Amino acid sequence: MQTGRTPMRSAMGRSDATTITVQGLDLCSEVLGTLNLGDFAFLEITGKRPHAHQSIVFNAMLATLVEHGMTPMVMAARLTYLGAPESLQAAVAAGLCGIGSTFAGTAEGAAKLLQAAYQAPGGAAGSAAEGASTSAEDTAPSEVTIADLAARIVAEHRAARRPIPGIGHNLHKPVDPRTTRLFDLAREHGLHGRYVALMNAISAEAERVAGKPGQLPVNATGALGALCCELAIPWQLCRGLAVIGRSIGIVGHLAEELRNPIARTLWERTEAETSGVDEASGGDQL
Amino acid sequence: MQTGRTPMRSAMGRSDATTITVQGLDLCSEVLGTLNLGDFAFLEITGKRPHAHQSIVFNAMLATLVEHGMTPMVMAARLTYLGAPESLQAAVAAGLCGIGSTFAGTAEGAAKLLQAAYQAPGGAAGSAAEGASTSAEDTAPSEVTIADLAARIVAEHRAARRPIPGIGHNLHKPVDPRTTRLFDLAREHGLHGRYVALMNAISAEAERVAGKPGQLPVNATGALGALCCELAIPWQLCRGLAVIGRSIGIVGHLAEELRNPIARTLWERTEAETSGVDEASGGDQL
Amino acid sequence: MQTGRTPMRSAMGRSDATTITVQGLDLCSEVLGTLNLGDFAFLEITGKRPHAHQSIVFNAMLATLVEHGMTPMVMAARLTYLGAPESLQAAVAAGLCGIGSTFAGTAEGAAKLLQAAYQAPGGAAGSAAEGASTSAEDTAPSEVTIADLAARIVAEHRAARRPIPGIGHNLHKPVDPRTTRLFDLAREHGLHGRYVALMNAISAEAERVAGKPGQLPVNATGALGALCCELAIPWQLCRGLAVIGRSIGIVGHLAEELRNPIARTLWERTEAETSGVDEASGGDQL
Amino acid sequence: MQTGRTPMRSAMGRSDATTITVQGLDLCSEVLGTLNLGDFAFLEITGKRPHAHQSIVFNAMLATLVEHGMTPMVMAARLTYLGAPESLQAAVAAGLCGIGSTFAGTAEGAAKLLQAAYQAPGGAAGSAAEGASTSAEDTAPSEVTIADLAARIVAEHRAARRPIPGIGHNLHKPVDPRTTRLFDLAREHGLHGRYVALMNAISAEAERVAGKPGQLPVNATGALGALCCELAIPWQLCRGLAVIGRSIGIVGHLAEELRNPIARTLWERTEAETSGVDEASGGDQL
């Protein structure tokens, strides 16, 4: 098989006795003390150092994904840590395994939808390359065109009885406050382009067609999907942002578990109840 | 079992229709656009917002851990992504599972060693509370005492024929440039206290006793362990910093894999060679 | 939310000082020394002890899934084991994370397709309950009807340009020898019912319509999907069989890695090549 | 680095168009329908087909490890499955990550202890090679010697205040019924050699010295460790047996979760209680 001899190359990083290079930058003099963690994540994912505006917005995007309270995935991580306290990394890995279609699917689904809308031959911006909106204002299609795209997308999803990714929230109505804040930051920093505009138009159209004003806001994952597009991040990597954010959140929960453990109580109660006994036996602790 | 009825509490985060609170801060107005990603990680792990000096040093610490080139763990992540491209999170989880005694053990080992040194009844700072060095200068023991601690630690490890965690590097000699940079940042920002001093003293003593000047520097994990102590982060959570950093690095490698894939070539070549055939069959692709 | 007070129950297992019960059986007297490992897996998944015929076929099905040589997932497991030899379980977990749409999707896809075919209102066996074929022969639809179902399924997949799950193999042509053996065993043990018949009919129809005789056999995952249906295992759990089989295979590869390690060589070569240097540096071994 | 050019070889399995070979056996004619799943696991781990006696005992050993009721690891797997139902393999991986020092450490610790006892220069069987007891009876040391070994092991652990791996159980006293059954099976099948004898002697000595008759039985992990030694399985792979058994058990719990889900209730209640509210909000379901 010919591909077996294809040379393999990577430009992520390398080091010798005195120098460590990451993505073409000298780690010690150009990264440490200069780039914050979100900036470095941007560099890793896109291969480029963020400018000041991108830095603010991208750090905010990642911060949106860190902490969501007592989710199933942090519960799984705490229970794993109970069983294997010597392997904190395995507890985080276990938690990450619970990122799935529900959450990450909607962020990447929104981004995919938006990138496809502008790349389609008949799309509003069919001539724009690569789905990137580097200079958002001047490439933004007219309001009319965006409304047309939104109408087509909403109609297609209604016809197929599929939910529109990035639209609606069980709790946050009539707006998701994270979306408001993220889009405000994007506007302030010049990253509020055609993808954000289309995402908002889809929400408005969905509410109009369904006759549910204030019920189908752009949720946080819709906002993130749109902003990934504005930053030219491929939709396949949206889920990577969730992974980064959640890793931090899970480590945070394990830090709280260390100070104030709940996993053993959770286990003992659950074992007792599911076995139909009043008192937990402490189980087979082998 | 009594503990079954212990109430379970968490203060990490909660939300209602209009507000999202994380660690007591309003996410939208106090975190997004204000805290960078490393700051938020600090908040998650310690429960406190970092001040400006802590922010610089902590972001640099995490950045040290992001990218180490083509390590076994990023190779594992890339191979996992080849098999399950729809589950980027699982590829990251697989990569994290390879953090183990080799790496994370030394960072946490160094922190544990340093925290124990100052907490031991006969230790230099037996009266200091909780291993935290909040005001480093005035609680730092005299140079003589630090030298005594270092001598005892080096002697104990030599007697037990155990390597000292955080000391020595296969490549970076006579100094690990990351250590130099991290300790410079710490000094500049007032976080260069007794733990950093002890770590440096251990390196000097180890080189002296072994007769190997310039061969046993404080390596990057030793520096990180010492700085975790300066920030009052328990040694058990040092590994959490590695997990956060590596998550970002793994996502970065998956982004490169998407642009410039190598996993299939790696698989085909390895399958052919280990089977003793010249050409890869492409394996059983089910 | 009302569901919060729903009692939680489990019938999987429990124990007291003298007795351990699993699925209603006494572990020591009714399982150990009596049920083999595949039988116990059947008991765990279906809640029923297999009869002798089911035991032979189900053990063979699982055995099909154990060993596939040097796959990406065993490579990932070996590399993870290199980094964390103290955590063999994490290496297996990393390997399992690489089970994805490619493999497991086709086994479960085939089962889903077959179960749907007989459950559809207009299906050949619309009145049969739950997709289980407990007494295969007398509920099997006539050959004509099966041919109709096969024709409809093949036509639908061709129209949608989607591959038919369980059909075709890159290497094994004109037949997949595992399918031949599994279906022979099923016939010998009375488990060769309407699902197997439909799977074979789909293959024949696909070859006929495509004009590719001997090119589109039922592959091993198609055989497994069909046999899961014969055993009344829901399609959602087909992937569980793959997980069980692969866990054993990955442990086997780690046993070989312990005797005859290759992961370090694989890493060093890959690091050297991807960095563009002739000799591996051994990397940053922290 | 020279090792970079070391050829990599594997003898686990290979396939061509018509033949699939695993460990030197033809999969279709020599494995499927012939070896049960536990036998195949033995083949994968040791490279040898088990004889009839080994088959019975090894299957029983693995069966001991499958089902332990509602443990933290199956809770973690169920919660992960709630978040990512499309990735059953990730839920199993998450569960396996919770195998840690508590469980797997004691089985491998017992095996390591026993293998070291007979390999030590001054050990009872210093001349025996490889720690394998292939013909148990004739190489078994005299009762006196075993008692000496047991006395030394117990004394060393008491002096170091370390628990003896494989001894004692929180629930099963004065005997662990699994140990009784496993050792009975071993006796019946000629696998009750010097390792089992030493494990029993350690228990007796520990109870005698501690003055706690009937309180320190050989537990199931001690029995498994001893039997791994009798089967010449290296202690490093004992944990692999746990991984195999637990994989099956976790898939079983996911099958029950599919029929009778509890994870959502567990999440909603836990979220409500840890937040200090009466009613669960259903969380941020993104």
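Which chain is which? They are A, B, C and D, in the order written, and residues in each are numbered from 1.
Everything that follows uses one rule, which is that a residue touches a chain if its C-beta (ideal position, glycine included) is under 8 Å from a C-beta of that chain, and two chains touch if they have at least 3 such contacts.
Everything quoted here is computed from the prediction, not taken from an experiment.
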Exercise for the section: Go through A-D and A-B and name the pair with more C-beta contacts between its chains. Expected result: A-B
Exercise for the section: Please flag the chain sitting at the greatest distance from chain B, going by CA centroids. Expected result: C
Exercise for the section: Measure off the straight-line distance from the CA centroid of chain A to the CA centroid of chain D, and report it in whole Å. Expected result: 39
Handout entry: Inter-centroid spacing, chain C versus chain A (mean Cα positions, whole Å)
Key = 32
Problem - Centroid spacing, where centroids are CA-atom means, of chain A and chain B in whole angstrom - result: 24
Handout entry: Numbers and ranges of chain A residues touching at least 2 other chains
Key = 8-10, 14-16, 20, 68-70, 84-85, 87, 89-90, 93-94, 97, 99-100, 171-172, 262, 266, 270, 274-275, 281-284
Fill in the blank from the handout: Counting only contacts in the complex, chain D reaches chain C at residues 1, 3-6, 8-20, 22-23, 27-29, 31-33, 35-41, 43-46, 55-56, 59-60, 62-64, 66-70, 74, 85, 87-90, 92-94, 96-97, 99-100, 104, 171-173, 177-178, 180-182, 185, 234, 236-237, 239-244, 247-249, 251-256, 258, 260, 262, 264-266, 268-269, 272, 279-282
Completion exercise
Contacts from chain D onto chain A in the complex sit at residues 68-73, 75-77, 79-80, 82-87, 90-91, 93-95, 97-103, 106, 169-172, 219-221, 262-263, 266-267, 270-271, 274-275, 281-286
Problem - Residues on chain C engaged by chain A in the complex (per definition of touch) - result: 7-10, 14-16, 20, 84, 87, 89-90, 93, 97, 270, 273-276, 281, 284
